[in-house]
Structure formats: structure tokens, C-alpha cells
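Two complexes follow with chain A in common, the first pairing it with chain B and the second with chain C.
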Partner chain A sequence: MSIEAREARQPWILLAPALTAIFLLLIVPLLFIVVYSFWLRSAVGADTPGFFLDNWKAALTDRFYRDILLNTLKISAITTIACALLGYPAAYFIARSQGNKMILLIMLMLPFWISYIIRTMSWINILGVSGALNSVLMSLGIVSEPIQMLYNETTVILGLTHFLLPFMVLNIFVSLDGIDTSLEDAATSLGATRWQAFLQVTLPLSLPGLAAGGLLCFVLGAGTYITPVVLGGPRDAMFANLVFEAIIRQLNWPLGSALSLLLLMVLGVLVAIYNRYLGMAQLAKGLG
Partner chain B sequence: MSAVSLTNIVKQFGTFTAVHRMSLDIAQGSFVTLLGPSGCGKTTTLRMIAGLLDATEGEIAINGKRMNDVPIHKRNLGLVFQNYALFPHKTVAENIAFGLNYRNVSKEETQRKVADALELVQLPDLGARYPKELSGGQQQRIALARAIVIEPDVLLLDEPLSALDANLREDMRVELKRIQQRIGVTTVFVTHDQTEALAMSDQIIVMSKGRVEQVGSPEEVYNSPASEFVAQFLGASNILSGTSLGIQGDELGLQIIDFPRLVIPRSRAPQITGVGPAKLVIRAEKLHLVPKTAPADDRLAVAATVENVDYQGQSARYFLRVGNHALQAINMIEDHPFETGAQVSLRFRAKDCSALPGGTSHDAQ
Partner chain C sequence: MDDTTRYERLRDRFQNGDISRRKFFGLLGAAGAAYGLQTPFAKYANAQTASQVRFDGWGGIVSEAFRKHAFDPYTAKTGVKVVDGTFPGGDEYLALVRASKEGEYNIAHLSGVFDYARYHSFGLASELNLDNIPNMKLVMPALTNAFSSVTPGSLSAVPYDYGTTGLAYNRKYISDEEMKEKGAKILIDAAYKGKIGGWSDWRTRIWYGALQTDQDPNNITDIEAVWNAVRAHRDLALKYWASGAELMSLLAEEEIYVTEAWSGRIYALQEQGHDIGYYDPPNGFGWQECLFVLKGSPMAACEELLNFMLDPVTSIAVAEGQNYPPALDPSKVDLGTKIPTLPAFDATGTLSGLTFANPGYWNGNEAKWSETFSRVQRGY
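Our next item is the complex of A and B:
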């Protein structure tokens, strides 16, 4: 075999284990789900194989599903904006800090060492009826009865922001860290104030990182299942909860499949738009 | 009135003192170079003038006005960085217009000034390009155009040529000097490259370890180094320990072991006051190798052995031994360079030597 032919084969040999795993564990099950979504659930329990569009019709036309889908997108959008507003200053601070950058980054990663569920549940100890905040308010005499702060949309957004903020900070940090600090120096030497230099130079140059962080937060937020269960009320279900409901509670695999594919497609379109304008390379940078 | 005046400037970073009590006056329209090895405090000094660093002590004045508490964006200085620092998301024209946007300049006026600046740096057609589409040399010209279009009081250049490759660097050196003379802006140039400093400056400030070693014209610092450091840093110098035999009129007598007695001009040894230990400084290119058998001429002669040859094409650097002294000589090559081991006669003129007061023995290696 020629050297060129061997070199051409080498990437595929290196990728083979990962591609095999992805194919068997992701592509194949996904194809099962696609097939399932066209089956029909019968009342007696056994699903009817075939090509029926009933599930898709329900998923696409039922107002109940549509409202929850829109609500899911709304919650992720608000969360993403909150993460951007909270994350940008933090990322800027880390990127511009001298010396202790590594320590700050490790502190940012620290929450990942604790289970996401535990982190979400910790809000119950803070905001719950006998939680920290109510105890303080009561002992200060500001309120006489504990306030019910949990189990609404705000707490869902709070929990999601808590979960997603590090992803946003990391992405913005990576893009800020790549910006030469002498650019801001140059801008100020030309007459711009620090703030003008930031708006004119640093902010536009960090937008790719902001967009990558935004995409990641939005997609992860829209697919979330645990946060609304732990911190939301009965009316705060998000789309992943619907899928759970359909598959686990109602044992309606065909409908659950159609719903989960619907969410996948909506998020897929968003990723495609992002990729069209900014490219996936930026996302890879932020994750690495 | 000085364009820039530093009075007893001190800069400390924690317990480290980067600049020790430096005072300096820079004349209007002159091209002044801060020259020294990395870590000598030259860039720190420049950044203090620019307003990117605060002086720990002392006063910085530009055109007679105290600047210590004036923020950088109000100092009206042109700054050019080693890495160009062009805004990658703006076109060349937008980059150049950046400073004008903060100066109440009308749109038409801005366009005209940008075109003029592009003309001045000889890149009139590149306004619509983005910085990453330009070569290193072109980027540096645009950075210069961006800094001078605002008509700064002082132009500050922080190693602007060191990111360029050798040939381009020489072209840019000439170009930079041409532009500076054309617009007549007072310029402070920071470099570690002695050739750049000698070629471009009206005045050179040689710095080492946060202190000024010598201030003078290129010829002064090159021919009459005020310290061993300056002698070593500007080109290859031989420094030989010896004894001053005293001053007679305009002349100074020097005795170096293994050398004939030397009489050098008094002006080349301003720091020596009388009899005592002294050091002879002679530049490597002022020592000429001739065959041992060559007839005597009007130059001083001393026998030497070639220990090593560093062949450089048109010239060669010879490592020589004269008694206990190790010397270097850089000579143009005629026909063939001398070979290692050759016994030669070393010829030089006393007027090319200078002398410094000296204690300990320190031969150039």
C-alpha cells in the first residue's frame, strides 16, 4: 500500500471506535424512534406497526403540545439571556485577571463535581417554606408566615440559569481570552474611553463566544427535564416532561417518539441557523 | 519647551522596581529611542508616557502640561504596537478613522484625512480591506497611519519593527523615518535592536535594569560609550583592563599588558581624571587582521592568534588571543578569511579606542 493511501486511511482507523459507538448507541436508537413515531398505540396495550401519521398530526396540531413547546422555548430564551447578562461580566473578569486565571476557572468548574439533581434540589433548602430565605425573613420579622417562593416558572428559570451559567461563562471566556488586550489599549490611545473601547472593540470581537454560549444554553435549557420537575409547579411542564409523560406514564411510545423528534427538529433548525452564520468551530472552541 | 519631560520617574511593581528615578527631556520634533535589552524598563517607560501605566513617583509632562492624572484617551498620543493591534473586525479605512470619530471631525473631513494617511504610508488602495488580508509590513503601515492621522502630540512606537522579517524591517526603518520627518512629529521609539536605534534616532537613551546608562546622539553612544554595558550592547566591543598613565593636554596614556603603550584622545575618555585602573574599549570592526609578514604601517600592531572564525559571507568574525586577552574582530573578507590557528598581526588606531575608569578585570569573551 502506498504511503498516501495509508495516510488517507489513518483518520478513519482512529475514528472507527467512536463512530461505531455513535452509530450503535445514537443513530440506531434514533432510527427506532423514527420508526416508532409512525406506529399506532392501541387501547389494549400492544402497538400496531405500520405507517400512521396520527401521532405526528397530534404533535403538530394539538394546542396543548404547541403551548408547552412555545413555553419551553420562552423559558430557555429567558434563561439564555439571563446567563448572558450574568455570565459576560464574570467571563470578562476571569479573562482579564492576571495570574489567578486558572484558580477562577477551576472554581467555575467546581459545581460540575456535584450532581445536577443535587444542585437543583439545593434551591429547595434556600427558597422552601422552611428554607434559609424564609427563616431569615421570619426571624427579622419582615413576614409572619413563610412565603411560598418555590414551584413556579421563576424558580424553573432560576434553577436553569444556575445550571447553565458555567457553560455561558466558559464560552465567553474563551473568546475574550483570545482577544489581544493591546486592542483596547490602542482604542483608548485613539481617544475612546474604556467603555467606548469595550463597546467598539471587545464586545463585537467576543460575539462569537456569546453566540456559542447562547446556543449551548438554549439547547440544553430547552431539553431539560429535571429542573421543571424539581422546581416547577404542575403548570410549569416543559417539553421533555411531555415526552416523559407520554412514554413512562401513558406507555404511549409512538406519541412520545413523535414528540421527542419534534423537539429535536426545532432545536436542529436553531443549530443549523447558528452553523450557517457562525460555524460550529466556535462551539468546539468553547467546549474545549 | 520639551515635548515630553519626565522628572524623577519611578515605577514599582510590588517590590520590584522597573524604573529607577528617571529624568528625561525630549525636544519637539525629535526622534528619540529608548534602547536596551528586554526587562530594562524601556517599554514600562513608554507605557507610562502613554498613560497605560501609572508612575509610582515623579512627574510626566507633555508640552509642559502635567499628565500624570490625565487618562490615556485625553492625552492625544499616537501609539503603535509590536503586534500592530489593528481592529480585526474593522476595515483598514475604519481602523484609520477610529480616532477621528472621537474628535469632532466631519464625515467628509474624515474621508479626506483617511485617504491622505493611506497615501502617506503608500497604501492608497487598501482602505476597503480587512487587516487579516494584509501582509505584516502592510499592517504595520496601517497601524502607523491610524496613529498619525489624529495628529498626535507625541508618537510612541513600541518595538514596531520586531515582528517583521529582516529585509522588510530595513525597508520599514527607512519608511518610518521618512514619514516621521515629513510630518515632524515628536517620536519616542522603543527597541532592543541597536541597528534600528543607530539608524533612526536623533537621540538614543540606553537603558539597563531600569536605569539610564547613557543619553546621546547615535555617534556619541557608539563611539564614546559611557559604560561597559553601553560598549557591549551597541555592537561587539573588546574591553581590556589596564592602567591609566595620566592626562597630558588633550591626550591620555594607557598601558595594557601585552599591548604597546597607547595614547588616545582625551575626548574619548571623559570619565577618566588621572592615574589609576582603566579599561580600554575598542570595537570589533576597528581591529584589522593582516598577515604576520605584512609590512608595518602607521597603525599600532600586536601579534595575535586566530582561535575561531565565524564566516558571515561578506565579513567574518574572528575570535583572537593576544597573551591573556580574548578579543573579537569583525573584518571584511578579501579573497579568503584567515583560518583557525593562523598567526596574524592585529592593526588598529589609537583614535578608534576609548577608555572607561575600571576596577576589576573583565575581558570580552
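Our next item is the complex of A and C:
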């Protein structure tokens, strides 16, 4: 075998374990889901195998699923914007801090050590009728009765923002950290104010990080179902909740499979658009 | 079950007159012949002896009671480990079992005869050898008959406890008189908007919708009226709770003042000193729970565990721990002083005062109603 042929094979040999794992743990289960989505649910007993389009027809034409899907995208978009607005200053501060950058980064990573559900439930102790915020407001005499703050769409967005903010900060930080600070100094030496230097130099250069964080927050947010269950009211649901209900509560695995694939396709299109214009390299850096 | 226990049970049956002398010696002879005929390879069958049994239940104080009063003593006595898991609801658990390999899950603390029927429909049921569970004779016939009617001639589960899903209310804001007067309709009373809760379970929502529209929950004639009641409740409710722990937290923290609730959990809140009332409205939701053995389980170990759990000492201790009356017949077993004070307790042992879900009726409507509820919940 020639050296060229051996070198051409080497990456594939090195990639083989990872590709095998991805094939067995991701592609094969996904294929099962695809097959299942064409089956029909049986009220009791085994589902009916075959090639039926009923589930796809329901998923694509039923207003109920379309409305919840659009609402899911709306909630994810609002959450992503909130994460960007809160995350950018924090990431900027960490990137520009001298000496204690590592401590700040560790603090940023700390929430990942605590269960997502516990973090979500912590808001009940903060915003509940007998929670910390109401206790403070009442002890200061600002309100006489506790304010009902929990169990609505706003608290769902709050919980999601809490969950996703570190992903946004990390991505922006990676982008900002790679920008040469002397560029800002050069801009100010040429007459720009600090604000103008930021707007015209730093911000455009950090946009790939912002976009990568935005994509990550949006995709993770759109796929969540715990937050609406814990912090939402009776009506609040995201698309993943419908998937959960179809599969778990209604035991309608075929419809649940079609719904989960629909969500996957919608999010896949968004990732494809991102990749087309910005590429995945920045995302990999942010996750790395 | 070891051979000594097996022999002791056989001897007990003979001494109690359940089997004849001829049959007793015949069985002993058969056991001896089987022992004599076994090959040297028989010792390898020990590899199939169950060293552990998987048990899944409702979590919280219920699981604590099971662990403390049943599983730990059982393991200490037999050496068989009980691995206990929890689930938030029967639907979730059924989905897990369907997705699992046979034998992965063994015993489940299931609720309602409709669950018993569903597991049979999905081919997930085992068949118990009741000779290995002599304590079954202490169980109320009313509970056993409900399961026998689904699987005539055999059982896949033993009844274990019962309770109700009634109305829980904070006495600081709602008096006993008001609760009795309004009954189930208090859950759609606009005066308590934002302070009402409800279980996210579609059966419970429809059951209470039927009560709110003066219909028989086991024979609903106007389902649209029920859906309208569910919608009215949804618009007034602050939160649909999804677990017993969440129910207790919402009431204890005064996030909600009234909700339907599981009787045992409310008793636990009362024991903790919370002034929470509990009221079973006419036709309130009664249910019986069973210990269901799934297909593919190690039957001898499971039957031994079930018998151990039905032993009055164990059963009463678990009942007092989880606050649900046991399945033991009060006319046959002295249930002590606490159990008669538990909500839903029936001293007659007939359970004639409770209304249970008709499994055929509810399972027959499950597909349509569970899906419709998902839509109604979201504003449709």
C-alpha cells in the first residue's frame, strides 16, 4: 500500500470508533423512529406496522401542532435574545478582566454541576408565594400580600434563560477572547470613542460567537420540556411536551415519532441555514 | 423461596386440613424423587436463582414506607435484594415497560383496575401461583374480585391498598361547610381563580368534569359538557401538579387553596400540622392499588415478596407509613388504631361506599379522551 493510500485511510481508522458509536446510538435509533412514524397506534395492544401517512398528515396539517410549534419557536427566540442581552456584557467582562479570568470561568461553569431540574425548581423558592422575593417585598412593606409570579409563560422563559445563559456566555467569551485588544486601542487612537470602537470593531468581530451561542440556545430551548412542566401553568407547553404526552401519556408512539421528527427537521433547517452562512467552526470552538 | 420454606408451607397446609394426608405424602415423595433424579449439572441452575427483584412505585412517602417496612426486612430475611425505582404516573411507567426487555422490570405498584387490564392487553402480565402466596386469604374479596373479573381463573397481581382522589382544601380560606356545599364544583368556582390546582392526569380531569356536570363518571352521556368543565377549571387553575410531592408542596406553601388530591398525601400533610381538609364528594374517585408482577420476572422470588408484603405485620406497617388503608380484610385482621382513622377506610371490608373506575369503560375511551385532553389543556 502506498504512503498516500495509507495516509488517506488513517483518518477513517481514527474516526471509526466515533462513527460506529454515532451510527449505532444515533442513526439506528433515528431510523427506528422514522419507521415507527409510519405505523398506526392501537388503543390497546401492539401498534399496527405498515406504511401509513396518518401521523404525518396530522403533524403537518393540524392547527394544534402548528400553533404549539410556532409558540415553541417564539419562546426559544425570546429566550435567545434574553440570553444574548444578558450574556454579552458578562462575556465581555470576563474576556477583558485581568488575572481572575479563570475564577470567573469556573463560576460560569458551576451551574453545570447542578442538575438542570434542581436549577429550574430553585425558582419556586425564589418566586413562590412564600418564596424569597415575596418575603423581601413584604418585609420591606412594598406589598401587603404576596404577588403570584410563578406558573406562566414569563417564568418558563426565565427558567430557560437561567438554563441557557452559560452556553451563550461561553460562546461569546471564546469569540471575544480571540480578538486582539490592540485593535480597539488603534481605533481610539484614530479618534473613535470607546463606544464607537466597541460598535465598529469589537462587536462585528464577536458576531460569530454571538451567532453560535444564539443557535445553541435556540436549539436547546426549542427541545426542552422540563421547564414548562415545572414553571408553566396549565396551558403552557412547548412542542417537546406534546411529544412526551403522545409517547408517554397517550402511548401513541407512532404519532410521537412523527412529532419528534418534525421538530428535528425544523431545527435541522435552522442549523443548516446557520451552517450555510456562518459555518460550524465557531460553534465547535464555543463548545470546546 | 427456599426448600425449607416450601416444606414448612406444605406442612402448614396439611396441618390446617387444606390437603389430605395422601396428597401430603405424595408431594413429599415427589420432592424426594426429584432430588434423587437430579444430575450433577443441577447445581448450575443456582445461577438462575434471583438475587434481586426490581420494584417500582410512586416515590415520596409511599416508597419510604415500602423501603422501611417491607423491602429492608424482606432482604434481611431472605437475602434477596429489592431494587426500588419510582414513577410519576402509571402512563409513564407503562411506556417504560413497553420499551424495556422482558424481565427488566418485575413488580409494580399499579393503580386502578384499568391499569391491570391495560397491562394484560399489552401482553405484559404474568400468572401468579397463589399457593405460594398464602396471605392472599386475608385480602378483601371485593378487591380480588375486581381483578379476577378481568382475568378469570388467574391473577397477575395481589391487591395491596386503596384510597380516593378527593378534594383537599386549606381551611384558612375554605370552611368545611363551604366545601360540603360546593363539592366538586368548588374547582370551577371563579372566587378562587388562581388558587385552584388539579392533577394533570386526563382521567382525573374527566372524572371531576363529570361530577361538576352532575354526570355518572362511569357513564358520561354529555362529554362536551365535561370538556367545557375541564376548560373552565383550566382557566381558573394556577397549576396542574404532576406528582404527590408537588401536590403537597403547592398546598403547604399556600400557592393553591383547593385541588383534588390523593387521600394518603393529605393525611401526611395533616400529620405535619398543616390545616388542610379532605373531602370525598359523592361519586368521588376511588381506586385500589395492586402489586403487579410483570411477565418474565423471577416468579418464586416475586411471589415470596408478595406474600411477605401481605403479611399483616408488614402490610399494616406499610399502610401506616404511606397513609393508605391496606387490602387486608378488617373482619379477618385486626388493623390497629391508626388505619381506621385514615381517609377512605372501609370498616365493613366491602368497599361498597367507594366508586371505582369501570376498566372497560375508561380503557375503551382512553385513546380519544387522552388526546382530546392534551388539546383542551392547551386552550382548544
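The working rule: the second predicted complex is superposed on the first by the 285 of 288 C-alpha atoms of A that agree within 3 Å, B and C clash if a C-alpha of one lies under 4 Å from a C-alpha of the other, contacts with A are read in each partner's own complex, and residues count from 1 in each chain.
As a working rule, contacts are C-beta pairs under 8 Å (C-beta built on N, C-alpha and C of every residue); 3 or more make two chains touch, one makes a residue touch a chain.
Every value quoted in this text rests on a predicted model; they were computed, and no experiment measured them.
*Asks:* In the overlay, answer first, second, both or neither for which of chain B and chain C A:Gly221 touches.
*Replies:* neither
*Asks:* Based on the superposed arrangement, let me know which partner A:Ile247 touches: chain B (first), chain C (second), both, or neither?
*Replies:* It touches chain C, and chain B stays clear.
*Asks:* Would you sort A:Ser130 into first (chain B), second (chain C), both or neither based on which partner it touches?
*Replies:* Only chain C is touched by A:Ser130; chain B is not.
*Asks:* Counting touched residues of chain A, say whether chain B or chain C comes out ahead.
*Replies:* C
*Asks:* Pick one for A:Ile68: touches chain B only (first), chain C only (second), both, or neither.
*Replies:* Once the two structures are laid over each other on A, A:Ile68 reaches chain C alone.
*Asks:* One more residue to check, A:Val229. First (chain B), second (chain C), both or neither?
*Replies:* Only chain C; A:Val229 stays clear of chain B.
*Asks:* Touching residues of chain B toward chain A in the complex: what are they?
*Replies:* Counting only chain B, the residues touching chain A are 50-52, 71-79, 81, 83, 85-89, 98-99, 101-103, 146-147, 150.
*Asks:* Mind pulling up the chain C residues that touch chain A in the complex?
*Replies:* For chain C paired with chain A, touching residues are 89, 91-92, 94-95, 98, 118, 121-123, 194, 198, 202, 234, 237-240, 242, 249, 253-255, 363-364, 366-367, 370-371, 374-375, 377-380.
*Asks:* Under the stated contact criterion, what part of chain A meets chain C in this complex?
*Replies:* Where chain A meets chain C, its residues are 41, 43-46, 64, 68, 124, 128-130, 148, 150-151, 229, 233-235, 237, 242, 245-252.
*Asks:* Quick one: which bits of chain A touch chain B in the complex? Just the residue numbers, please.
*Replies:* Counting only chain A, the residues touching chain B are 180, 182-183, 185-194, 196, 200-201, 204-205.
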